[in-house]
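Note that chain A is present in both complexes that follow, paired respectively with chain B and with chain C.
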Partner chain A sequence: MEEKVPRSNIIETEIPMGTVHPAALEPYRVRLFVEDEVVQEAEITIGVNHRGIERIMEGLPVEKANALTEKICGICSNSHVWNSCRTAEIGLDIEIPERARYIRVIMGELERLHSHFLYLAHGCETVAHETFSMRVFYLREIVMELLAMIGGNRVQYGCPIIGGVRPRCDLDEAKLLRIKNDMDKIEEGLTGFAERFLADSILVSRVTGVGVLPAKQAIKLAVTGPSLRATGVARDLRTTMFEYEDFDFNVVTQPDGDVKSNLLMRVFESFEAIKIIRQAIANIPEGKVVNRDWEMFDTDIIESYIEVPRGTLYHSYALETGRIRHCIIRTPSMANIGAMQYACIGDHITDAQLSIVQCDPCFTCTDRAIEIIRR
Partner chain B sequence: MFETVATNSILAVIITVVVCFIISTLLPGIERKYVHARIQQRIGPPVTSPGIMAPIKFLFKENIKPSSPVPGLYKALPVICFLVVLSMLITLTPYAFAIPALASLVAIVGLLKVEEICYVLMGSLSKSIMSVRMPFPDRVKGAAHTKTTLSFIEDISAKRSLRMITYGSFPLYLALFAPVTAARSIFLQDIVLYQQANGPFLFTVSGGIAAIVFFIGYMIVLNEYPFSIIKAKCDVIEGPYMEYASKYRSIVFITRGFLMFTLGVLFSVLFIGIPATIFSPTILLNIVVVLVFVLMMGIFSAFTPVFTNRQLLPSILGATLLGILAIVLGLL
Partner chain C sequence: MGIKSFSRARAIHVMLVYTGGCNGCDIEIVNSILSPRFDAEQYKVFLTWNPREADVLVVTGPVTHLNRKPLEAIYEAIPEPKLVVAAGSCALMGGVYKNIHGDIPSEEIEGPVENIIPVAAKVPGCAVRPQDVLAGVVTLLPTLLDAD
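Up next is the complex of A and B:
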């Protein structure tokens, strides 16, 4: 794949969109520099939804701060609280019971399923294929119900706590059986969706070769997660996470880095998530789900990286008399903004929002950093 | 005697138009509830909601001054569109056949062109807050390209409407003239009489092909997916209609349903030879044709994404070639 070069010297017309736009689920401003409806360059700006969560977390007891991280994102809420707890567990050297590790993995993979299904539905919606979008939303509904069954809520489950998972989120036989049965339903539904999607030549022509991001450029822009893997780079942090040591799964990649590759990437990765959940259900050990035998002490800055549905999530803070200091959170979309800007180049303006959506933006979660651009 | 006939004709036209208008208000609801919602396995809105209740609701909303360089003209355009569709329906009643200048294909094409030009004007006159006017500090230190020409998203819509006038709606016009090759006349009365004598044009090879082309053109003129490039949600949002609120948006809603009905009746006249009159049971056939078009459009649009130039140009080219083939076959 050739590298696309922004043709800055001939740019005449600028079409700004946002911060409110129906194709975007979240508030962001995109300036599209176009020539005859073909995007030559794009500039994305966020910052209208800054909530200052890191600032609020400063000085809070770590347990309270962990609960607060769940409010960062409505899609990967579990991932945030998981990584925040994990940060404390690394710093305080807390051992996690085996059963709790398995439940965390189940929750993480269910969240991956619902995030990927949302992505697929949003992608279909952005190309104005409402029927496919609705069908994926019906599949997602099964996952949402499972998450509600485990966590008690559809968005904020409050599952991980320092030392394990909340006892109310423990999985009994009935719950495990329901998850197992629903995985069969989801697999069947997703297979049907993928077959219909690939058989629809109009839709495939609409998403093939659009929003191309070459692997070389993706690495240069530090793209993470499925958006990186859709360019052919097999990099998945789950392969290095101790939580996933017991599980056998493949790191899925796609070759082209376009919208089609990204959509299929999420489909195939969902099948892998189902595989992981099935393994977890089959092998979940007995025992307690939380280790309360730990002591608080002051720590240096602790860092934790995990693979969340959209890429690599980073949490770091220091602990001082049980309270949070120097908190920094970086969501995957922070790294992927560059990819979104790049992916638009050379495409028709109708495909610009699609090219942005293909990188799975989550700007409201990302809206916490100030990036100083030096030109 | 003449006055009585004229009065009766006028009354018949008024009654026909009113009845057709009432039926047309149900069409958007039928499309959304019984086609889109059924395909997407959801309940959908009440059938009266999109075409009747929504316009009534908008009628009673507080109006806002549209952001437009010529607000008066911008607000007049939906009314013009409605009048154009109304005129078109009147020409399709048998009572208008007495005025050949009105009841001819040239008049129909002219009226459709006025409708299309209205979209260009609406697009170029709408300056909504969704793009340039959004109070966002774009041109700050460090921002890219601070000296470019700014363009509203509706400007793209206007340019696309212009493109649709030049080549997008061409298949529809070809399909309109296909029956002329059989009837050898551009007057609707002659086309109807020819079909009453020789059977519907639809059931000829040329007519069958032209009907397919007409259907594609029907979707293009109605700006329905996948041809809705002038109001694609993924970039230009509502496009030319962006700044309409209150009663003007209500007229936009009503006009869409009315245009759906009128184009269906146009097909009945040109391809089956049945003009619209409430005083004949054939009006039921007109309504059936209208419903078939609505159902087909609903099914087609539910299963297709919005086209970009990459898909649009070959589709239009293909439809145009089919239209030419229909005309050539008709001439042979």
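Up next is the complex of A and C:
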């Protein structure tokens, strides 16, 4: 696969989109530099919805700050609380009960399912195939109701706390049975979707070879998550996380790095997530769900990385008399912006939005550490 | 019911504006109108992204500094009669982003939405439930239909 080289000379035609654009919910600005309707260079600018959440977290008690991290993103809200609690647990040497670990994994994988389904629905809608989009939205609704059952809310579940999970998120027999039954339903629905998707030659030809991101370039741009694995690089942080030690799952990869690979990547990864949830339900150990036996002390800067639905999430802070200092959060979309810009190049202008959407953008979580200059 | 209200009742267009929240409310609102589970389209409520054909503007988020002007421009572009629904605790009172550290408001946040454009209905919740959004839009319908 030859490398696409961005042009260095001046390109006169510029097509700006945004900041409010119908195809993307979130405000961002993309400038496409076009010659003969072929994109030669793309530039994505964010920073419109900067709220300064790291600054708000600074100086808050760690428990409060953990609850606040949930409001960074409405899609991977559980992952943010999970990683924020995990950071404190690493720094304070807190042991998490086995049962809490399993519940965290179940929540994490359910969130992966709902995030991937949202991606598939959004992707199909961008290709203007509303029927597929609706089918996936309907499947997603099953996952949302499971999450609402466990967490009590459809978006902000507030499940992990320092030392385990919140006692109200404990899973009893009835809840486990419901999750188990719904997994069967989701698997059936997703299999049907994948079969229909691959059998639809018009749709497949529309997404094949569009927005190609070669593996070499993906590594150069430090792309993370499914977008990286869709280029053929088998890199998944879950293989190194101690939470996932007991589980047997495959790291799915796809060969091409185009939109089709990205869509199928999410489908296959959803099957892996269902597999992990089934294992967790079958082997969930008895016992308490939260370890309250820990003490607060001052720490150096602590770092924690986990694999969230969109890639690698990084949280780091230091603890000082129980309060947070030097907080830094890095979300996967920050790295994937480079991939979005690159994927647009060399394609027709009508494919640009598709190329951006294929990298699963979440500019809401990414807009934090940007300096706003007021004039 | 006049012919204007009669025809308007058959095509209520909702436009959604995101002004800097956490994305949770937006997905729930799109979900409540588009997705087959809640499906507002069966009540002839449609989602649009064009302010020129919108009747109801649903605003989420605490309105960050850079989002103020786009929001005003979108509100100006909507033809009369128009009504605004503020959805989610961010849109109602700035949420966790505005009220930092007691009474000190954040400088980044211009909201709540009421400060910028007139709000006709408020839907509370963090994040809003799809049922509540539908209820909020439905309570506005009589006002919208009797507008002229």
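In this section, the second predicted complex is superposed on the first by the 368 of 375 C-alpha atoms of A that agree within 3 Å, B and C clash if a C-alpha of one lies under 4 Å from a C-alpha of the other, contacts with A are read in each partner's own complex, and residues count from 1 in each chain.
Going forward, a contact is a pair of C-beta atoms (placed from the backbone, for glycine too) under 8 Å apart; a residue touches a chain by one contact, two chains touch by 3 or more.
It should be emphasised that the depicted structure is a prediction, and the values quoted were computed from it without experimental measurement.
Undergrad: For A:59, select first, second, both or neither according to whether it touches chain B, chain C, the two together, or no partner.
TA: In the superposition, A:59 touches chain C alone.
Undergrad: Kindly classify A:168 by the partners it touches after superposition: chain B alone (first), chain C alone (second), both, or neither?
TA: neither
Undergrad: Just checking: does A:20 make contact with chain B only, chain C only, both, or neither of them? Give me first, second, both or neither.
TA: both
Undergrad: Tell me which partner A:216 touches in the superposition: chain B (first), chain C (second), both or neither.
TA: neither
Undergrad: Between chain B (first) and chain C (second), which, if any, makes contact with A:348: first, second, both or neither?
TA: first
Undergrad: Could you tell me if A:292 is touching chain B, chain C, both of them or neither one (first, second, both, neither)?
TA: neither
Undergrad: Taking the superposition as given, does A:185 touch the first partner, chain B, the second, chain C, both, or neither?
TA: In the superposition, A:185 contacts neither chain B nor chain C.
Undergrad: Of the two partner chains, chain B (first) and chain C (second), which one does A:72 touch, if any: first, second, both, or neither?
TA: second
Undergrad: Can you list the residues of chain A that touch chain B in one structure and chain C in the other?
TA: Overlap of chain B and chain C footprints on chain A: residues 19-20, 22, 48, 134, 138, 374.
Undergrad: Okay, in this complex, where on chain C does chain A touch?
TA: 16-28, 30-31, 34-37, 49-50, 61-62, 64-67, 70, 74, 95-97, 100-101, 106, 108-109, 126-127, 129-130
Undergrad: If you look only at chain B, which of its residues touch chain A in the complex?
TA: Residue positions touching the partner: 36, 39-42, 130-132, 134, 136, 138, 142-145, 148-153, 156, 159, 225-226, 228-229, 232-235, 237, 302-311.
Undergrad: Any idea which chain A residues touch chain B in the complex?
TA: Residue positions touching the partner: 8, 11-23, 29, 31, 33-34, 37, 41, 43, 45, 48, 124, 126-131, 134-135, 138, 200, 202-203, 205-206, 348-354, 373-375.
Undergrad: So in the complex, the part of chain A that touches chain C is made up of which residues?
TA: 19-20, 22, 25-27, 47-53, 56, 59, 68, 71-75, 77, 118, 133-134, 137-138, 140-141, 144, 153-156, 362, 364-365, 367, 372, 374
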